[in-house]
């Protein structure tokens, strides 16, 4: 017998509540302003006298994207505020920062999946109404550009859009918002400042960088001695070659001039000091004070990866919808979008590239918890300086 | 070297477009009415002077749900219209019906995943603003109730909400919309009518049901003879028992009285004839004319399964957010929602239960493509009768 | 022009590697023992002379589940080992514990999604080979039972299977493994011990529980005074009623006898002290020392939720595949599985139910970072006591 | 009160089964050969005396990929067999073909999601054991290369791997399997043959291509006349330009020489006739006989898109794990993989590019169901010619 009827206890439990809705106060639809949200679907095709069923899906999907972009901006602004205000110095705020950055990750994951819905529309269905949309184009999404700026996509690495600066595609007020978002400190720059303050970098303290350099070159030297003693074989030759490569690699790591050069070319994006901080956190991620910072760095990479996956999914969908024709905004569509799926749009590219500089655990400078207590003791700020964000 | 710069060809391809945005016409933000959609986030906590960060997520998530509910209703109404108008008789419309039903499936799959975003909010974060929401409650979602009614959740199987009829929780206009949605033919009833017309059921034609009954009982009879001849063992006894069960099962299938009885109890939901049609489509799903109808039945089951998974995910989230306390609408929250995750809310439960009546392939009545051409030849309607849905 | 050809730089970068495969050493297929893994698909239907295409999918899907179960057990055992050995006292190990528990979460999320693959098989396709599988049944998955035991599903809350103890369905060696897994400390019990040691609970220290009790009843008292002063209205009456309920709720929280009673009934699962620890971590989750422990508690709830979603997805699939008939193992299939989707199988149910006892922030006992330094200073163990897990 | 105890009816329903496991016959673990599958995890790091926890995840993940690759090959081979044997001419087999191709889509979707599990391992965790794996490399996955070949990745468009032919990275027996898979008809070629037979293309029948050409150029001509009559404005000029582009585009479509040229360059992959068939199915997808073929074309595009997403996800993971260093197989890792995420690896690229040639509905050659009955009447083969695949 199938289970259709509740037993008494269930029936009882499920009806215990008091019906508060009759008592006044706000109700669901008003709270969510559904009169605005679910009435905002006006089909251009219908206005032009040729209602096309699938245009509704097109509208709703893009509105859902914009809703989520708004939420991402909300989280992003709150995190940036914590950094800007200096509240981040009170390490009690790290959970908040990390949670909100992680929430952005989860939202982006949803946004990548969300393409599956629009993909139920075929190129032929889209063709029936796409002319009505011209010249509206996803390129004109203000929120998406703000989001890119606030995370840290640099103006000078942007692919131009139809040979024009991206900002020229927006009207006065919006263009100003974009300009101002470029001038505000972006997440990348704020994280950079924070990394520069990583405990353990102090020259008069643990002096991580100097110790690391010494250890690495000592390690390489020992390795060389071992190889030299080997009988002459092809294998020995290869190992020596490999060692030479390694030495070059690490020499470059400790060469600040080279760093500045890569910075100027856009191949690195954060300061030399910040890079050191990131590597310090990587190597000592298990120390109590670095556990959450390490998660934060991972989450920042996740954002980068997911944004790039989002772009790639977008490219795939566009290829399917319009082949290699121009988009509704007149852009070269597929080719323009494809050019944005590249490392130039990866903001935290340095965090990825640090994987190139990993070393054996025994080369890492030793930490003694009795001596280096700074990794076990968090900092806080007194309330006069770091007042809680939400309370004011 | 990392790939930061486009080669010439790429640079060229990505800039070929004409910038149409400057030429007038609709632009992205206006098209999507973003002035309404992304300004509809008003935090009650902020109005009450205690802005809580996470309330924004709560609002956006629910608005995203409502947007997608609107889209589901859009698809559902269009499909129901094709059935109601009789256009479904022109089998050219089956692709449209199936595609739109499948789109609902894909949307529901997204909605199930979408819980992951709200789950980034902890019970403690929710506690900080939940009192401001009272008595608003998800129970008051008009669109979700419409959706249930239009698919076919029957009024008399609904779990009461705080001992009141679900419709009493809505205001005048909304209550009327709900009542009228109950009176309109729901998807279940429309599918039932369509199944009743399944080719092959005609008593003066292929007469599937009669042939099937004969074959099954002949098959069981042969089986019995085989078993009887076996030496007396425990295994024989068990096989005989099993056979008896089988016989009872199939006897019940061909007993229209029993069907009417189960209908009256809500354990079956479609007519006896429709049940026969569904089984005919199941068994002959590979015949050209049944391929798409079979997909349709599968998609209907998917909708049911996903709605029920959505409900279950909702239950899990509520358990996490408020434990076993009352919800913001005063409902007994967790327990109320848990009671809705049951077969009583499964609309197409008959399609699932048909799996109980499967038979070996050689028991199925044989079809000869030369004789039974109806399974190879689709029907259409002349244009005067079945004019295209979108053109009028 | 579409992009088919690499530019020179790309062509160069993509070919820089040395081909090491020719130099000896392990290769991919041997490393993964693919000779075992991808040759283990033997179709019973084929052995019985009636090869059914879809049986291959059935086998591969279940093997994939078992592979992931093995991985979950691997993580689970390593985490349990850290707790059992006392390494958890060195807070440097918390990142490891949390990361591995989180990995289990991610795997379970995949396993829930993985049903989508098996759902491409219809009931009719399954019918064609299901008789060949009898009496094999998913109920006989040793690894899944081990996993339940090691997380902490208690023996006495298990739903019997065909009126027999679950262990009686396994053969000698397997039955012993199950028994021994029941005797080893499960994750629930280890987490309980760890929670009991939460800093801040000490009676001669911060004494969280006593302070909390005092604050709550003082808070309720003040509230009462406020209400009493109000003019007599229906609203006042309701508020008073609500207050009374609150008082009862919190009185029960501080009643150890009631806790013991609920424990004995299985409605609570962890000790009174552990419950206090969990609430302490909930309330002070932003303190540096509790940030990762709080994430851990969230991840444990995620495991519970996902296991229960996995069960529910399983139920849905079974309903679709076999209706309400018996499963291949002879179990009552659908109904048995449905009965396991209940709170009795939720291991960390206490963590969910704590949401019932949340309070306004100003009722929480105040912490002064100058005085209560224990929340800013992590503990470590010297190496003689807490040697690194992986090195021995 | 929480729901821990079953009511009587539930308790009854869940225990109704007979315990067949005690009766002999195959059991779960033997059926799935778990003795092989879950014992195939041997850690190289452990063999070398330095057991690294995360290597287990690395192994299990790759084994899970290989299991699913095996399933994809199983489906792929069965579909190719239906095409090769000519069974596809019996349109009753289209459901089977479409269902299995769709199953591959669903599996690939899972495989894309599956990266989330491996992404729980950080670059630092990987570093600890990656040297032990050398020179094993994912590049050596035989099944993945077979899969590419059987779908239709052409040998001459493959990116070389460390300047060597991909097949040279495999040992004798495997290399032969690869060579033979290149020689067998791949899915692309089989679909091409099938498309060439699309009903409606016959020169002495409906003659779709000739009718289409006539309609398009007539349509363009009418458009031109309309534009010419407009007053001279910038808009007129632009419309005329646009029209000229359109004319060029369609002139190229009907130019078989150009098609042959693009074929030779690898920018098109299917014959001119097959291209016509695909466009015929696109335009008349709602006709009963084309509904399932249209779904099939969509599913083939899905496979392409998902394979390319899989590749892109792989690139992202590798970037994260090893930065821009060489992979374990000595490949240039990141850069090699990145070069495979391009249209050259898209097999069904023609189906995407057809979106470039869409036209207004009123330009499509008219079909009259009374006259053109071929779109309503499916074909079958008599049993002597097309015996059911599974029965022999």
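By letter and in written order, the chains are A, B, C and D; residue numbering begins at 1 in each of them.
In the analysis below, a residue touches a chain if its C-beta (ideal position, glycine included) is under 8 Å from a C-beta of that chain, and two chains touch if they have at least 3 such contacts.
Listed by chain with UniProt protein names: A, B, C, D = Tryptophan 2,3-dioxygenase.
Keep in mind that what you see is a predicted model, and the values were worked out from it rather than measured.
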Each chain counted as touching chain A (Tryptophan 2,3-dioxygenase) and chain B (Tryptophan 2,3-dioxygenase) at once: C, D
From chain A (Tryptophan 2,3-dioxygenase), the most remote chain by mean C-alpha position: B
Distance from the mean Cα position of chain D (Tryptophan 2,3-dioxygenase) to that of chain B (Tryptophan 2,3-dioxygenase), given in whole angstrom: 28
Rounded Å distance, chain C (Tryptophan 2,3-dioxygenase) centre to chain D (Tryptophan 2,3-dioxygenase) centre (Cα mean): 36
Chain B (Tryptophan 2,3-dioxygenase)-chain C (Tryptophan 2,3-dioxygenase) separation of Cα centroids, rounded to whole Å: 30
Chain A (Tryptophan 2,3-dioxygenase) residues counted as touching two or more neighbouring chains: 1-3, 10, 13, 285, 324, 335, 338, 353
Complex contact set, residues of chain C (Tryptophan 2,3-dioxygenase) against chain A (Tryptophan 2,3-dioxygenase): 2-3, 91-96, 98, 285-289, 291-292, 294, 324, 335, 338, 369, 376-380
Interface residues, chain A (Tryptophan 2,3-dioxygenase) side, partner chain B (Tryptophan 2,3-dioxygenase) - complex: 1-6, 10-11, 13-21, 23-34, 36-42, 44, 51-53, 56-57, 59-60, 62-64, 66-68, 70-71, 74, 78, 99-100, 102-103, 106-107, 109-110, 113-114, 116-117, 120, 133-143, 157, 159-164, 169, 174, 265-267, 326-327, 329-333, 335-336, 338-339, 342-344, 349, 353, 390
Of all residues in chain C (Tryptophan 2,3-dioxygenase), those that touch chain B (Tryptophan 2,3-dioxygenase) in their complex: 1, 3, 7, 9-10, 13, 119, 122-124, 127-128, 282-283, 285, 298, 301-302, 305, 308-309, 312-313, 316, 319-325, 352-358, 361
